[in-house]
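Each of the next two complexes has chain A plus one more chain, namely chain B in the first and chain C in the second.
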Partner chain A sequence: MDFSSIIPVALVTLGLLGVIIADLLGKGQKPIVPQAIAVLALLAGALSALGLEQSNDTVLGVLRPDAFTVIFTVFFCVVGAMTIIATTRGEAFRSPGGEFLSMILASVIGMAVLTMSVDLICLYLAFETVSIPSYVLVGMRRADPKANESSLKYVLFGAVSSALMLYGLSFIVGLSGGTSLDAVAAAVQNGAGSQPIFVVACLLVFAGFAYKISAVPFHFWAPDVYAGAPASVGGFLAVASKAAGFAALVRVVAAMTPEGVGDAADPMGQLLPEANALIVIIAVSAIITMTFGNLAALKQREIKRLLAWSSIAHAGYIMLAVTVWSPYALQALIFYLIAYLFMNIAAFFIAGIAIREMGTGELRSFRGLMTSNPGLAVFMAIILFSLTGLPPFFGFIAKYHVFYAVFEKGYIWLGVIGLVNGVISLYYYARVVAYMFLDELEEGEAPPSIRMSLVDKVFCAVTVIPLVPLGLFWAPIWEWAQASIPAVLGL
Partner chain B sequence: MTFADIHLTGLLPTATVGLTGYLVVAAAVFSAGLVTVMARRNAVAILIGIELMLNAANLNLVAFDRFGPLEVNGQLFALFILAIAAAEAAVALAIVLNVFDARDRIDVDQIDALKG
Partner chain C sequence: MLSFLVFLPLIGLLLIWGSPARFARSINVLTCGVALVINLILAFGMKTWDGYSHYVQVDWISAIGVHYEIGVDGLGMVLLLLTTFVSLVSAIASWRIEKYQRGYHMMFLLLLTGMLGVFVALDLFLFYIFWEIMLLPMYFLIGIWGGPNRKYASIKFFLYTLAGSVLLLAGVLITVFQNATDTGLVWSIVELSKTASVSGDLVAGGVGLFCFIGMFIGFAVKVPCFPFHTWLPDAHVEAPTPISMILAGVLLKMGGYGMIRIAWPFFPDAAAVMGTAIAAISVIAIVYGAFVAMGQTDFKKMIAYSSVSHMGFVTLGLVAGTPEAINGAMYMMLAHGTISAMLFMIVGVIYDRAHHRDMDRFGGLAWNMPKYFVLASFAFFASLGLPGMSGFIAEFTTFTGTFASHLVDPVTGDVIYSYRWAAFAALLGVVLTGAYYLIALQKIYLGKTPKVYTDPKTYPDVSLREKLVLVPLAAVTLWMGVMPAVFMDMYKPFTDDLAVTITNAMKAMGG
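This part shows the complex of A and B:
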């Protein structure tokens, strides 16, 4: 049996062991060595995933190292490495030690395995391997009451939603007569999907995924957790954890819709004809998620909370792509997640350094940033316009593809609701830009002073500058995403 | 079957509880857990409710394994869930303890410095 396909995960696991050993040997010193080991292990994992021999054969019948897996493994490793670097520059603990690093690595391992698992047992194990370290990451600043509170909320919400998911999974396993996703697909083809208990099980399973991707009604934890955790950890949860949830959701939906989802024959008529229970649940949740996320973001006064609600709204847009479920839509989903990586890692990084330097994340404290720190203000404006989905930035192309997929399939209503949401989001993103560029400071009030080291500037440049060229020359990434679609849909 | 027969063979009367029986008990356990989670404000009580919900899933899986074509996968799944539940409870209790140290209370509705 060929085990070469798990080399990326194995490398990160070795890095995890290396971090623990280096941390024990170097007690009392600055944890430079464990940090270097962690970042190198993640980069090695990303590179080895790129060179992986892709195949649709499974390892032990539970892991499938196809092209879809490769994209997401690279994605998680890159986000993990960026999170570690961002944490050393952020507002909370400037020198993350062995505990922090090993939790990031363990979580990345869980995400990579989650993406490639085609068996429900393995999927659940990987799901918890992602979750349990993130509870610890959020509560890492033990003396901080806000961090305590957010980690308590996170762990309780997480445990309840994973228990709901598990109860649903137990019924799906029982109806399918097997734990593999192939068995689920076979059972659905034989008509298991029309049984009422199957619909209930889908609802319960969706609870688990909704928590991971922060979809309504399992989104309550997100604003509090992002506000209480260090900004870099918020970015990690918003990007990597959410992408892992979507990757696993795509695998599960693929198993539950073995014949695909029908076109909307009459666009103005039925909203979702011929769709199965899980797709309908996701569609309804997508509409509520983006609308609620955008409306709640309107009244936020603090940068991390604003980004939290914006990430909930973005989860809604990405769920639209799952709802449509055409090859084009799935390609758009992967493309959107890649755009989302650049935008949100950069946004949370800048939030981190702003809080580090100013001591507060209040949006009003960004007033006059243009006069004191024009470079940072321009970078922040690029990120915010890209998050809104304005041309010519990367975020525009990503949104364009998702909405094109929705309209192409004939779901006019879904598309219109999504576009209206895009307009609403312009208001709160543009308000931050207005604070930075237009607002006059009061008499005697000093503009915010943000001192940035060289590392800060390089990190910002690496994450923000690609948003412009990738908004114009996005074809390579689009084709990279395309390569993984046949594997997922079993074409 | 008379009492004497049972005595002779050393067997209890043949079990007549079918799959449905197990599923009903599991559903009852699950509901009890869910109600605990919803109604109780004490973080430790919520964790107990979560354990009930997990064990309802376990019971389902083991019952499906006994009556269905799962071979041994259902039992395996249940074993993994037991291990994960222990790990999750360990982390959750550590966090609860940490909050308790800071505030001397673990009622979730009094922990509200952050407003969603």
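This part shows the complex of A and C:
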């Protein structure tokens, strides 16, 4: 048995232990050492994942360290490290201690395991390993009633939806007679997919995923939780947690559409056949999610809530890619998540330092930012236009690939609904830009003053500046995303 | 060299970024001047107007078959010249912008790169990127430097054009993957047009019609065609004078260019199917635009609606499909480019002095500002189509061309297609245009002068800077009116080919 493939996860776990020990030894001091250990462990995890020998053989029959796993492990480690750095700069606490760090690490471990699970029980365990640290992260500011409220909301929604999911999984295990995804695939191939109980099971399982990716109607927690949690944690949930949900969803859908195994000689050329109940459910939810998310975002007056609704809408776009379920669409999905990482980590980071400096995240308080801090205003504008999906920014390319996949499949109306949603989203993104650039301050009113340290500036630059070159030369990332598709589709 | 022209404004932008604010406007004017010179050199360097010169094709994203492919033929070159020319005079007109000078001139140059890029891009993906890049600077230019209601106007402009753009994108995407070859996707406008001219519409059936309508609406928002024009009056009224000049002079032309270069050549059959509907909205635009212009008291709004009215001729000429009609449509774009830029400057001149644009409050300006009066009436007459100026050539050619678009089956005597009705209906628009310009001329410049407008200190005649803007525009307008062949010869190889394609499609549909 070769265990080398779980080295990345093991490194992060070691980091977790290291953080706890360092935290105990260094009580009372600024937790620089545990922070450094945590970031280094995550970076080591990412690097070792890149160097991993990919294989389609499973470890113990439950974990599959294929190319798909690698890409997402790197993704989660990077987001985790960025979240830790962002939290030290954000509005909530200047020096997040051992409990915060260990929760982030635990959550990242859960995500990495979730992505490589090919067994339903392991998948469910990993799912909970992702969720439980997140509850703690959200409620970490114990003195803040808002944080408590949002944490409770998060726990309740999480509990209900994971119970539903577990119930659904039990049906699927019953239908397939085994817990591995291979068994599920075999059962579906033998006609289990046409039984009514299978449709019910799909609905229930989707509930669990919908909660993780904040799809309507399981999105209610998102705005409150993002607004109540520190901005950096909001970013972590919006990016890493959502990506983990999508990764696992892709694994499960892949198992449930086994007839989709394409032509081995031309793995990328063949579209997979028409999909089953789960895909139909996702399609309906995708349309509602993006439309509802965008419409609700129109009315928001606070930056974190705005970003929360925007991230719900983006979940809808990404779900379109799952709906299409072609190799190209899955490639677009991974690509979209990478673009989404840059945009949202940066957006939540800026929201965090803005709230730190101004004491409020009201959109109105951004008025006149162009005069007091033009650099930050330009960065924020780039992020917002990239989120809208305007060229020449990275967000446009991500959307382009998703919509190309949709149109290629022949879902013209689905594509048009998605594109119109992009236009709606311009209104609220541009409203923030209008506050920063177009509004004139009244006589005697001081523009917002946002002082940024060197670390703040570097962090902004590292996350925002790539949005432009990657919007023009995105081939390497596109090819990187491509490499993982045959593995997950079993081609 | 062509790439250098396209990206030259970005060099200017970086220069402005790196230098103090007081140099910004000079760098802008200098950059536009150099661009015009380079453009002229490129134009004289072209041996033929037929086919693409200065052609470059480099792999960009090979995974999806996208190339950096640029080149110009006569059609592209004539519009490039219009762009650099109007930009230069607008840059001069921008001299008095006080607020955030560096930002303004940087945005101006970014806009210029976008516009130049649109006219040279021969790869649909590249075209779309340039097409969209312009939205950002335009949004800021209207939104930051505009009038009192600028926030509303800028977001309205942005939303309208983005809505059009996404439909354009939908049409383009479907067209491209439906025409994929064994080697991958084909994004080249040249190759796709070639395919279409041989085998008809690039995408057949209902989906093809959807693609055409998507592209048409995408371009129609920019033109703007009735009923997609409502952003235009707001944007024009709020935009600062130089930006109105660019908007009317160049930006609107991109819509027409897109139709001539992409929508019609790609989908001649679908265009023939939609012909009557498009002719109808063109006629409505011409007549309705003229009526609304007549009802305005705001000088700038009147000019804005006159743009809607004039641009109706562009779509009308295109659907009519005869060589003269398309020729006239194209000439209308060029003529309107210089005339409307001049008209907006005329408005700007008086707005700078009076700080209002209410035509009812003006009167008798001719007596104290004679030079201004001469230039203004020149622009008015050019726009209403006085012979000897470019507007006349454009309208006349479009009319005769549209009137000629009439085919009767020699055997049965059935009418196969005919756009004569549209020509007659549009004639009404010309009469109305004459009416509103003459009324405006009378209201603003003739009659008794209210006392406020007699003070030569607050109401000086046109300054040297203003003359530098207006006189070149007037000269070109006159040149285009006297020697139209110079310009027509440039784009005729392309439009004549297109006319054959369109007429064949109409014949095929009728027979």
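Structure notes:
In the analysis below, the second predicted complex is superposed on the first by the 477 of 491 C-alpha atoms of A that agree within 3 Å, B and C clash if a C-alpha of one lies under 4 Å from a C-alpha of the other, contacts with A are read in each partner's own complex, and residues count from 1 in each chain.
Following the convention adopted for this analysis, contacts are C-beta pairs under 8 Å (C-beta built on N, C-alpha and C of every residue); 3 or more make two chains touch, one makes a residue touch a chain.
Treat the numbers as computed from the prediction; the structure is a model and nothing was measured.
Shared-chain residue A:F403: touches chain C; no touch with chain B.
Number of chain A residues touched is higher for B, counting chain B against chain C. Once chain A of one complex is fitted onto chain A of the other, the partner contacts of A:I412 are limited to chain C, with no touch recorded for chain B.
When both complexes are overlaid on chain A, the residue A:L390 reaches chain C alone and has no touch with chain B. By the document's definition of touching, of the two partners only chain C reaches A:A434; chain B does not. Look at A:E149: by the touch rule set out above, it reaches chain B but stays clear of chain C. In the superposition on chain A, contact is made by A:A159 with chain B only, not with chain C. Applying the stated contact rule after C-alpha superposition, one finds that A:L489 touches neither chain B nor chain C.
When both complexes are aligned on chain A by C-alpha atoms, no chain A residue touches chain B in the first and chain C in the second. Listed in rising order, the residues of chain A touching chain B in the complex are 120-121, 124-125, 128, 131-132, 135-136, 139, 142-143, 145-146, 148-153, 155-156, 159-160, 162-164, 166-167, 169-171, 173-174, 177-179, 220, 223-224, 227-228.
Of all residues in chain C, only 60-64, 128-129, 132-133, 135-136, 139-140, 143-144, 150-151, 154-155, 158-159, 162-163, 166-167, 169-170, 173-174, 177, 207, 210 touch chain A in the complex they form. Residue ranges of chain B in contact with chain A, taken from their complex: 26, 30, 33, 37, 43, 46-47, 50, 53-54, 56-58, 60-61, 63-64, 68-70, 73-74, 76-77, 80-81, 84, 87-88, 91-92, 95-96, 98-99, 102-103, 108, 111-116.
Taken in their complex, chain A has these residues touching chain C: 385, 390-392, 396, 400, 403-404, 407-408, 412, 415-416, 419-420, 422-423, 426-427, 430-431, 434, 437-439, 473-475, 478-479, 482.
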